[in-house]
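Shared between the two complexes below is subunit A, which pairs with subunit B and subunit C, respectively.
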Partner chain A sequence: MKIEILGTGCSKCKKTKETIERVLKQSGVEAEVIKVEDIEKIMNYGVMVTPAVVIDGDVKLAGKVPDEKDIRKWIGQ
Partner chain B sequence: MAEETKCSCGSANVAIFPCAGASNVGQLSNKIAVELEKQNFGNLMCTVGIGARAPGLMKSAEASDRIIAIDGCPVNCASKTLELAGFKADRHIIISELGIKKNKDKELKDNEISEALEKTLDILQSE
Partner chain C sequence: MVDIFYPLQWIADKLTYDVFGIAPDTHLAASVNFIIYDVMKIFVLLAVMIFVVSYIRTYVTPEKTRKVLGGKKGLQYHLLASLMGGVTPFCSCSSVPLFIGFVEAGIPLGVTFSFLITSPLVNEAAVAALWATMGLKATLIYTVSGILLGVIGGYLIGLLKMEKHVAEFVYKIKVGDSNKNPKELSAKERTAAAYESVKEIVEKVWIYVIIGVALGGIFHGYAPEGILAKYAGEDNLLAVPIAVLIGVPLYSNVMGMIPIVESLIGKGLPVGTALAFLMGVTALSLPEMIILKKVLKNELIAAFVIIVSISIIFTGYLFNIIL
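Right, the complex of A and B next:
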């Protein structure tokens, strides 16, 4: 599983990454977590507000920090 | 090209969806949306992306605290596109109701841009 966190380094982007990594650790799910800061890559997903979360190419959320329940659902837990 | 994707930290998320239609007022809707973004009223977003149900656009719209739809004329393509996708515009501007008559001219006139922007700002600031 490939999890991309789209954002240019704001506090919500950092919190999104921390939350996802925490849930992955707690659930024991292995995933490649990538922080995407390139504005062109972010825009090519059609995302207009960050942070955003993309899992295996599918945009799951934009504009806010995901809650743990959502993340668990996305990773199949 | 640094501000195309706005961070949601800080101020409220306001999404601006113009119709960008094939008329003077349609093109004006897009110009006004660009000017509103420059003045930090919100983020210009792609209305056709909502029509296409592009996931990134849909999620961005869902994250918005408020939505402004700017239509050129009473056909209301922008606001209807939003409605069909499950979104309701909090404010709806119709350029042709601001005293600018619809025609097929795609070249924008400076006086019409100024007039439409001034009236749009009056509406948005009267909230």
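Right, the complex of A and C next:
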């Protein structure tokens, strides 16, 4: 699984990454977590408000920090 | 009219005079009573206002805004963009992707700016704090002027035809469509999102509110009456531009500034000057300019800053004259 966190480096993006990494660790799911800061790549996903979470090319959320429950659902836990 | 905040005043009185046992009619009692009352009132209005606006916002996503405004010219679209900017939360880190997304959808530069100017200027947290401290009339004046400022500022930028002063790469970016049709939310999900925003914003601003109210309260109780009327009154024409200038570096502290400004009005600061100051705090911010520099050339940033500053100063003079 490939999890991309889109954001130009604000505090909410950092929090998103931390939350996702914590849930992955707790659930023992293996995934590649990548932070995407390049504006062109962000726009290519059609995202205008950050942070956004993209899992395997699919935009799951844009504009807010996800909560742990959301993340568990996305990673199939 | 029934004062819906009467219960809060009652609690503030009880706490000040009975629980803390401070003698009424002293400077200390005036300050403490003011601080307790204001803090409660701000937090109550903050929670209600953020909840309501965040709920409405779940219907006005940037994706929809883009679709509605794409390729539209005319003053009515500046107004629409400005109104949408008012309900859209503004985190300066989203200003670049929003800007690119708007331009790519064929939204004219001026209409895009109407959105960008109003978005930080009119936000539910500032509106709630204004309402709690300065009353409904000043709040309506601030909100309506803020929306008009977005309309006029964006319109003027549109007239200047500055499209070539946008960074070239912006026009080359293709906005993907994997996020074009986000799923419709249920009422329960909208409520949850609204509740989340209340929590998020209150967590971020509560400390500024308390510091601001405390400083305002001290000023309220101890500063001599009319002190500001003497130095920054309506006949001092420099007061409005200076107030706007002072406001620029205070970005992100608007929640703390509002209660302080309230107490300054109590000591003779004209309302127009006060509103111009608060608009300077919210609308013009250094960090936002630095972020926007990634997509705008200096000429366009300069035009934006000059047009917005002059409009704010004009608004300040206007309300000093008519209020």
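What we mean here is this: the second predicted complex is superposed on the first by the 77 of 77 C-alpha atoms of A that agree within 3 Å, B and C clash if a C-alpha of one lies under 4 Å from a C-alpha of the other, contacts with A are read in each partner's own complex, and residues count from 1 in each chain.
Methods note: a contact is a pair of C-beta atoms (placed from the backbone, for glycine too) under 8 Å apart; a residue touches a chain by one contact, two chains touch by 3 or more.
Worth saying up front: this structure is predicted, and the values here are computed from it rather than measured.
Enquirer: In the overlay, answer first, second, both or neither for which of subunit B and subunit C A:G46 touches.
Expert: both
Enquirer: Thinking of the overlay built on chain A, is A:E32 touched by subunit B (first), by subunit C (second), by both, or by neither?
Expert: neither
Enquirer: Which subunit A residues come up in both lists, the one for subunit B and the one for subunit C?
Expert: Correct list for subunit A: 7-8, 10, 12-13, 39, 42-43, 45-50, 52, 58-59, 62-64.
Enquirer: Which bits of subunit C are touching subunit A when the two form their complex?
Expert: It comes out as residues 62-63, 66, 91-94, 96-98, 100-101, 104, 169, 173-180, 182, 193, 196, 200, 291, 294.
Enquirer: Touching residues of subunit A toward subunit B in the complex: what are they?
Expert: Touching subunit B from subunit A are residues 6-8, 10-13, 39, 42-43, 45-52, 58-64.
Enquirer: Spell out the part of subunit B that touches subunit A in their complex, as residue ranges.
Expert: So the residues of subunit B in touch with subunit A come to 1-2, 4-9, 13, 15, 43, 45-46, 49, 54-57, 59-60, 62-64.
Enquirer: Mind listing the subunit A positions that touch subunit C in their complex?
Expert: Subunit A reaches subunit C through residues 7-10, 12-13, 39-40, 42-50, 52, 54, 57-59, 62-64, 67.
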